[in-house]
Each structure stands twice: as structure tokens, then as C-alpha cells.
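Here come two complexes built around chain A, the first alongside chain B, the second alongside chain C.
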Partner chain A sequence: MNKLIKKIMSLFILAGVTYALYQNFSLMPEYQGLNEGLSSYIIESGLNDTGSLNLITAVLYDYRAFDSLGESTVIFGAVSGIVLILSRKMLPVSSKGLSFIVKRTLGIMTPFIALFGLYVITHGHLTPGGGFQGGVILAAISIIFSIVYGSAFDYRRYSPQTKTALETGGAMIFLGLGLAGIILEGAFLHNLGFLTAETGTLISAGSIPYINIGVGFKVGAGLAIIFYSMIQKTFEEDF
Partner chain B sequence: MFNNLIFIILFMLGFYALVIKTNLIKNVIGLNLMEAAVFFWVISFSDIGGKVSIHKLGEEVTKFNDPVPQALTLTGIVIGASTAALLLTLIIELNKFSGTIDRDQLEGLND
Partner chain C sequence: MDIKILFLILVPLGTAFLIPFIDLINAKLRRFFVLLGILLESYLIISIIINNYQSLKSGDFFLQYYLGGWQPPIGISLAMDALSLVFAVITALSLFLIVIYSIGYIGHHEGKYYVLYFLIAAASMGAILTADMFNIYVFIEMLTITSGALIGFKRSQEASAAAIKYLIYNVLAGLLFFLGVLLIYFNLGTLNMADISQHFASLESGIQLFITAIFLTAILIKMGVFPFLFWLPKSYDTAPSPVTAVLSGVLSKVYLYIFIRIFWTVIGFKTLEALNLNILLLDLALFSSFLGHLFALQSDNIKRLLGYSSIGHIGMITAVIMLNTEAGFYGGILHIISHMFMKAGLFVACGYLLQYTRSHAYRDFKGVGIRNRSVFVAFIALLLSMIGMPPLLGFASKWYVLMAFLEARSYFGAFIVIFGSLTAVIYYLRYIAKGFEEIKLTEDDLKEEIYSRPLLSVLYREKIVSFITYAYTAIIIGFGLGFRFFDLPLRMSIESVMNVERYIELVLGG
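Our next item is the complex of A and B:
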């Protein structure tokens, strides 16, 4: 009986929130077009300011690079918390892995996955993509190692120490480029003017490609650490 | 307006999973569904029928979509993934200590 009352009250809350949302959105005006100050400026002079063809990357790693630094700090905080909670020992706990056919097939596919991830990272200022997206693709390789070949293989090939070093190295690249901006251009994370080249080439757009590489390694290693910590504990009970 | 309707449906599905379901993993799924609804709405709201805001060499495009909401959405996606991972970690630990992931069966929380 108590449960029934609870359920009915929850349904009332659901109906109320739906009604409130509906009322709110019926008052919502149509989109009025671009913001005159900010968005129009970025669209008009983003290419000249940063040299990056991809304006979203220009926003992320040039105009609002400080935000991206905070964002990668959030990933670092999540990784720290998860490792603190889950892993008391960093020894590998082996899982057997999948069948021979799956192992062979993914052995052929894995280099191409790595290539695609690196392509998405390094072409972040030219095509859709960037450090965060490519980093997630790189983390998929570690997940493939753990599931298909067993977590001991992942431990041997791509040990937690390597992952930690990659994550710290990515953060250091980001911070180092920020400090270089202070020294050379006078503001934290200012785009480095002397690195710019002809627009549309691979190494252009100042420090944006290098920040992309740093963020990519940081995100990839961070997600790999998260997955490794979780799968270690869940497999420990089976063996 | 169509995107508002889809936003309300997605958001309320997530809210339903968060409030009524008692399985904690379903709650996390509901939270992620609510996030996805908000991202969908922000992106669809800023779509003014222009091109994706990426220049192409040797091609003049006059009408771009707003790049700022898309950049902010990327930030939000990363934060959402981090919080989901942390919540799932806490659920793993909770399962180890209390043996259940149903929040109605947790002792000491139902009084």
C-alpha cells in the first residue's frame, strides 16, 4: 500500500514537470538569428584570427581555450576519483579473452583504428574532429585489448604507468603551450603567431594542432584508465 | 515546434527513469538521457538552416550556423561522460558493500 502511494505521487510529479515544461516551451520564441556581438564576430574573423578552418575548434582551443583546460581538469578529477575508489592494487587480473577468430580479425583492424584516431586528432583544425573525439577513438583500442585479448595483455602492452605518463604528458603539453603564450605573446594560452603557416595545411593555425595532440592523448589515456580500473574489479570476482 | 516536443519527450523519459525506477544503473541512464535531451535541444535551437561552421578552401559560404553552442555542447558531453563514469564506479563499490543496486533495498535509507 505504501508503495502504491509512492508510485502515484511520483506520477503526479512527472505530470506536473511535463506540464511546466510544456508551458515554458510554448512561450519560447523562435531563434532570432546569430548573436550580433559574439557569433557574428567569430564567423567573420575567426579564420583570420586563428588560421583554423574549423570554427568550432577555433572557439574551443583559441577563444575559449581556458574553458577547455578546465574541461580536461574535470576528466583528470574523474580519473583520480575512480582510481582512488576502485584500485587498491595495480596488478593485472587476467581474463581469457575471446575466440581465435575475433583475435585475428581485430589484430588486423587495430592499426587502422589507431590511424583513424590519430587522423581525427591531428586534423582537428581542418575537418570535423579534434582532441576529445580522437582521444575517445584511441581509448577504444585499449578497450579492445582488454575485452578481446584479456586484461593481462592490455597490462603488458599498454601498462597503467604508460597511461598515467601519457595523461600527464598531455596535460603538460597544454599547460606548456599556455605558459609559452604568456612568455611570447603576453596572455595565457594566446595563440602562438610564429607557428602559423599557410591556411589549410596540416601544420598551421598556431598552437591549435599541438593543443589538440595534448588533449587527445590526455582524453584517450584517461578513458583507458577509467575502463581498466572498472574491468579489473569486475573480473576479480570471477576468477 | 518539433524540436521542443522531442526535447520534452526525451527529457521526461530520462526524468521517469531517474525518479520512478529504483535500479541505480537505470537512474544513471536516465541522467544521461536528460543530458542528451538538453544537448539535442541546444544544437537544434541554434540551427538557422546554414552550413556547418567549417570553412572550405576556395569556397565562399555566406551563411553559417552558430559555432558557439556546438563548442559548449562538446564541453557538456565530456563532463557528462566523466560524471557517468564516476557514478558507475560508486555503484560498483556500493554493490560490493551492500550486495544490491536497488535503492529501495538499501538499508538505512528507507526510514
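Our next item is the complex of A and C:
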């Protein structure tokens, strides 16, 4: 009886919320074309201003680079929080890994995955991609290792200290390039002029590729740290 | 272009990034490094005040910084007017006191604690200084994630439950805020606050209402006003004392600043009036205040009680600001300042007093005052200030709030102020009386004491902890006697809230 009342109550509340949302959304006017505003300016002169062929990267790491610094700091904070709450004293050796065939195949594939990750990071200003996306691919390698070769494999090679150093190193690269902007160009996170080169080559677009590399290491190491603190266990929990 | 306001954000951010490195080198250096960071921050604030003292007096204080060298409508800019200066100063002072307190209080997992603490410091400074809509969302997200992790600091079951509840509510609020930012960009094609403010009135009233409603819901959840207050007491209760002091002393005030900034500068109070939202919001906030005091009356747990009383006070501040009169802002901002110091001081004192008790419950409060007599006296002084005793800061601010309500002929508001003070007398006196009750230990009690759950916290450096409590009490008494000191900053900040055209002109043209 009590459960039934609860269900009916929550049904009523849901219906009320749905009605309110419907009313609100129906107030919205019909689509009348996007107000272009800033975007038209960026489409016209983004390439000239930044030297980056990928305009999304131009917005992320030049026009609004401070937002990207904030976003990557959110990841940094999330990693610190998860490590604070979840980290335990020991890492269970879950298994010896999967079968021989899988191990060999992954052994051949892993360098190419890493290469693809690095490609996505370094070509952020030329093709779709960038530091955040490439970093996730690098973190996936660490997770694959843990599943295929057993959880201790990756942990022994790259200790949490190394990963933390990589993560904070990425953050410091971002911050340092911003401070270099103050010294060389007069504004925080200003694109560094002396690094520009011919548009379309790998080393061009000022400091954007270097920021991408910093963010890539930070995100990759951060996500790997999150994964390894989530699979740790306490002594009391059964294995 | 004043680079100091940029470094107000970068110094805590850099400190947070460097702490893991320091940990790898030598963990003992960490404490000095933390102190260095917070002292640098205080130096920046003081030098900003001293360098601009003349323009502060003449009333044309304004600093701004273009990030990446892009002019406002294109890039992000930081702007500091008198209102942001007042909030930045009090936030920095609170953060300074609480970090010294944490050095005495936190005994384990210090590295991660300070990282998260300095990220909160950077994010609150950023949210206060920025003049860009999306950037403010980024900083709100940073505040949510880091404070959510700190609420779960104790790793117990209750702490995790409270942290998850906090995160669900607040991430939802952040999502709504993000939706509002998206809609603004979709319709106006700009993200700069001043630019939005110029063109917001030209939108259709349906879309205006939708955007306003979304922002309102998001910020009311963050502040803990009536329909969305249920996450607040639980998270205040389970978090360790310095974190609770940050939550109520810094975070809720930053959200109040964002509330003022968005609804006066960006959306504009005229829009709220045209949409008939101001009366509704005033009554909602007053009802929230009433409920907060009522819940506090039945609460059996000192930290939860203080949380409910926070709801009461924040509702009152929101209501008095919603009057949109000069007197309302004068009382409201003065009460923001005084509530910031009183509540943070109370939580700080709680952390000291409750160190030997088994829980935060009323029955365990027995004899606390006899054991630590001098800190308990400071605690009582802070409680009296919450009630509104004459020589203390709480009296001055409550008096101006009451006067503002009477001037605007909002008698329900005036009733709530008096009602809050009277109920506060009842629920605080209970605890003061319990604190002076003598404990007669029987053998069973002792056995239970030894064999039951472990103590909540054993302090690490007791002297520092009690010193910070006295510092808060001294602030309350000192400024209570000299509350006229706040006259100039309050008038400046009222001027900058009311004069929106000047803000737009300075941000876009400066």
C-alpha cells in the first residue's frame, strides 16, 4: 500500500514536471536562423588571426583559451577528488589476463593505437581532434593493458607517481605557455608570434599545438589515474 | 589592462597545480608552500586596494583585463568593479583564515585536500571577476566538482551519501545554467555579459521568460532557497569543519554574487518586473527563510542546525535584495559580510568543540563548555551575533535589513527578521545550556566511550585551531563596534549594482 502511494505520488510529480517543461518549451519561438554575431567574425578572420585550419581548435585554444584552461582544471579537480575518496591501499591482481591470442594481438596493435592518439593530439590545429580527444585515446591504452594483461601489468611499469607527474606536467605546460604570452606578447594566453609558420604544416599556428600536447598528457594521465583508483579495493572487501 | 586581477585567479590555480609536485619532492614543504600561496593572494588584494585608493574614493574604480589580447565581444575579459572588489576582499579574507585553520585541523590526505581547496579558491575568484557568461559556467562547474569531493572527505557511508546527493543537485543546476548560456548564445550571438545586457530587452518575452526561469532555477538550487534546499543540511553535517566553513562562508556568498550579477547586470531587474517574477521571488525567499528557522528549531544536531539557520539567513538576504532599493542592498550586502564571518566562525568553533564528542548530536554536546571554557565563550559570542545582540556585527546588519523591509512596507519581511531572531534565541540557548551541563560519568558510560565508535577527529595542532576561532570572534566584535567602516565600500557597491549603463560602457568601451 505504502509503495503504491509512493509510486502514484512520483507519477504525479513527473507529470507536473513534464507539463511545466512542455509549457516552457512551447514558449520558445520558431527557428528563425541562428544569430550569427561572433561566429561570422570567427569564420571570416579565424585563419588569419590564429593560423589554425581547424576553426574549433582556434576558438578553443586561442579566442577562448581561458575556458579551456578552466575545463582542463575541472578534470584535474575531478581526478584529485576521485583519488581522495576512492584510493585504497592495495591493488587486487584480478587475473593473469586473457588468453595468449588476445595478448599477442593487442601487443601488435598497441603501438598503432598510441600512434593514432599522438596523431590526434598533434594534428589538432589541422584536422578534427585535439588534446582532449587524443588524451582519451591514450588513456584507453592503459585500460586495455589492465583488462588484457591483468591489472598489475600497467601499474608496475607506470606507477601512480609517474602518472601524477605527467598530469601536473601537462597542466604546467598550459599555464607556462599562458605566462609566456604575458612576457612575449603582453597578454595571458596570447598566441605566440615567433612560433607561427606556413599555414597547413605540422609546426604552425603558434602555441596551439603545444597547448594541445599539454592538454593531451593531462587528460590521458588523469583518466588513467581515475581508472586505477576505481579498481582498487580495501582489505575487507572480498576479492 | 591591470594584470593583478588576472593573478588573483592564477596564483591559487598555480598553487594547486604545483602541490602534487611538492608532494613528490618532500611532503613536509607542503605546508609552507600553501602558506606562501595564500599570502601572495592576500598581498595582491591589498596592493590592488592601495594602488587604487584615490579612484575608490572618487567612485570611478574599474579594472579590466583582456585574456589573449582579444577585445570584449570576441574574447573573454575579466572586469572588477566595486561590487566584485568587495566580494573578492571578503572571500580572500575568509579563504586566508580557513586555510590556516586547515593546517591545524586536517591530519590525513593533506595533499589532495589542499589541491581541492586551492581550486575552490581559484574558482571563486574567477566567478567573481569574470565578465563572460560561459566562463562563469566553467567556474561554477569547478566549484561544484571540487566541493563535492571535499564533502566526501571522511569516506564514511554518510559522507559519501551526502556528497552524491550534493553532486546530483548541483550538477543538475549546472546543466540548467549551461542550457541558459546556450540559449543566450543562440539568440544573441554573444557571450559577453555587457553585450548581452545591451540586447536582452530586444528578445521576445517568451524566450526572455524561459531564459530567466532557467537561470533562476539553477541559482536557487545552488543557494539552497526553498523548493531546492534539501541537499544543504546533510552536506553541511557530514563534511569536516573547515570544508563546512568554506561551503557556508565562501561558496554560498559567491553564488549570491552571481545571483546579483546575473539578475541586475545581465538580465536586468526591469525584465524581472516585466515578467512579474520579482514579487514571487520575494515571497519564495521569505518562505524559505521561515522554513529554515522552523527546521532549525526541531533539529537535533548542531551542525545540521547551523545549516538550517544558513538557509534562513540566505533566504532573508535574497528577499531583502529583491526589494531593489538602496536600503535593501545596503542591508543585504552588510548581512552577506556579517553572515560570512559569523557562520564560518561558528563552524570553525564547532570543529574545535566537537573533537572529543562521539557525534554532532544534541545529547553529546553535554559538558562541552566546561572542557574548553575559553573557546566556548567565543562560540557563545558568535551565537549572540547570529541572534543579533547589540554590540556585535550581527545586530548592525540585521538592523539595516529590518529598516529596509520597513521602508519598503514589506511587513511580512520585517516579521520574518524578528521571527528568525526570536526562534534563534530558543534553539541556540538549548545548546548553550547543554554545553554547561556537568557530566557524571558512570562506569557504563566509560565502557561505551571506549568500546564504541572512534572519536570524530583528533586535532593535529590545537593552538592554531583555537586561535582562528578567537580571530573570528575578534572580527565580529571589532566590526560590530565599527560597522561604519563598511559605509564606503557598501555605497560603492550599491552604485555599481544600480548603474548598469556605466558597467556596459566600461566593459565594452574601456
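Some notes on this structure:
Assume the second predicted complex is superposed on the first by the 218 of 239 C-alpha atoms of A that agree within 3 Å, B and C clash if a C-alpha of one lies under 4 Å from a C-alpha of the other, contacts with A are read in each partner's own complex, and residues count from 1 in each chain.
Definition applied: a residue touches a chain if its C-beta (ideal position, glycine included) is under 8 Å from a C-beta of that chain, and two chains touch if they have at least 3 such contacts.
Just so we're clear, the structure is a prediction, and the values are computed from it rather than from any experiment.
Partners chain B and chain C, once the complexes are superposed on chain A, both fit on it without clashing.
In the overlay built on the shared chain, the residue A:200 is in contact with chain B alone; chain C does not reach it. Using the contact criterion defined above for the overlaid structures, shared-chain residue A:41 touches chain C, although it does not reach chain B. By the touch criterion stated above, A:106 is placed in contact with neither chain B nor chain C. Of the two partner chains, both chain B and chain C are touched by A:81.
Of the two partner chains placed by superposition, chain B and chain C are both touched by A:28.
In the overlay built on the shared chain, the residue A:147 is in contact with neither chain B nor chain C. Once the two structures are overlaid on chain A, chain A sits at the apex of an angle of 70° toward chain B and chain C, using CA centres and rounding to a multiple of 10. Contacts of A:71 after superposition on the shared chain: both chain B and chain C are touched.
Taken over all C-alpha pairs, chain B and chain C come no nearer than 5 Å in the superposed arrangement.
Residues 25, 28, 34-35, 38-39, 42, 64, 67, 71, 74, 77-78, 81-82, 85 of chain A touch chain B in one complex and chain C in the other.
Those residues of chain A lying in contact with chain B across their complex are 7, 10-11, 13-14, 17-18, 21-22, 25, 28, 30-31, 33-35, 38-39, 42-43, 46-47, 53-56, 58-60, 64, 67-68, 71, 74-75, 77-78, 81-82, 85-86, 127-128, 130, 132, 199-200, 219, 223, 226, 229-230, 233-234.
The touching residues of chain C, when paired with chain A in their complex, are 1, 3, 6, 10, 13-14, 16-18, 20-21, 24, 65-70, 73-76, 109, 112-113, 115-116, 119, 122, 126, 134-135, 138-139, 141-142, 145-146, 148-150, 152-153, 155, 160, 163, 186-191, 204, 206-207, 209-210, 213. Taken together, the chain B residues at the contact with chain A in this complex read 1, 4, 7-8, 11-12, 15-16, 19-20, 45-48, 52-57, 64, 66-68, 70-71, 74-75, 77-79, 81-83, 85-86, 88-90, 92-93, 96. For chain A in complex with chain C, the residues that touch the partner chain are 24-25, 27-29, 34-39, 41-42, 62-67, 69-71, 73-74, 76-78, 80-85, 161, 164-165, 167-168, 171-172, 175, 178-179, 181-182, 185-191.
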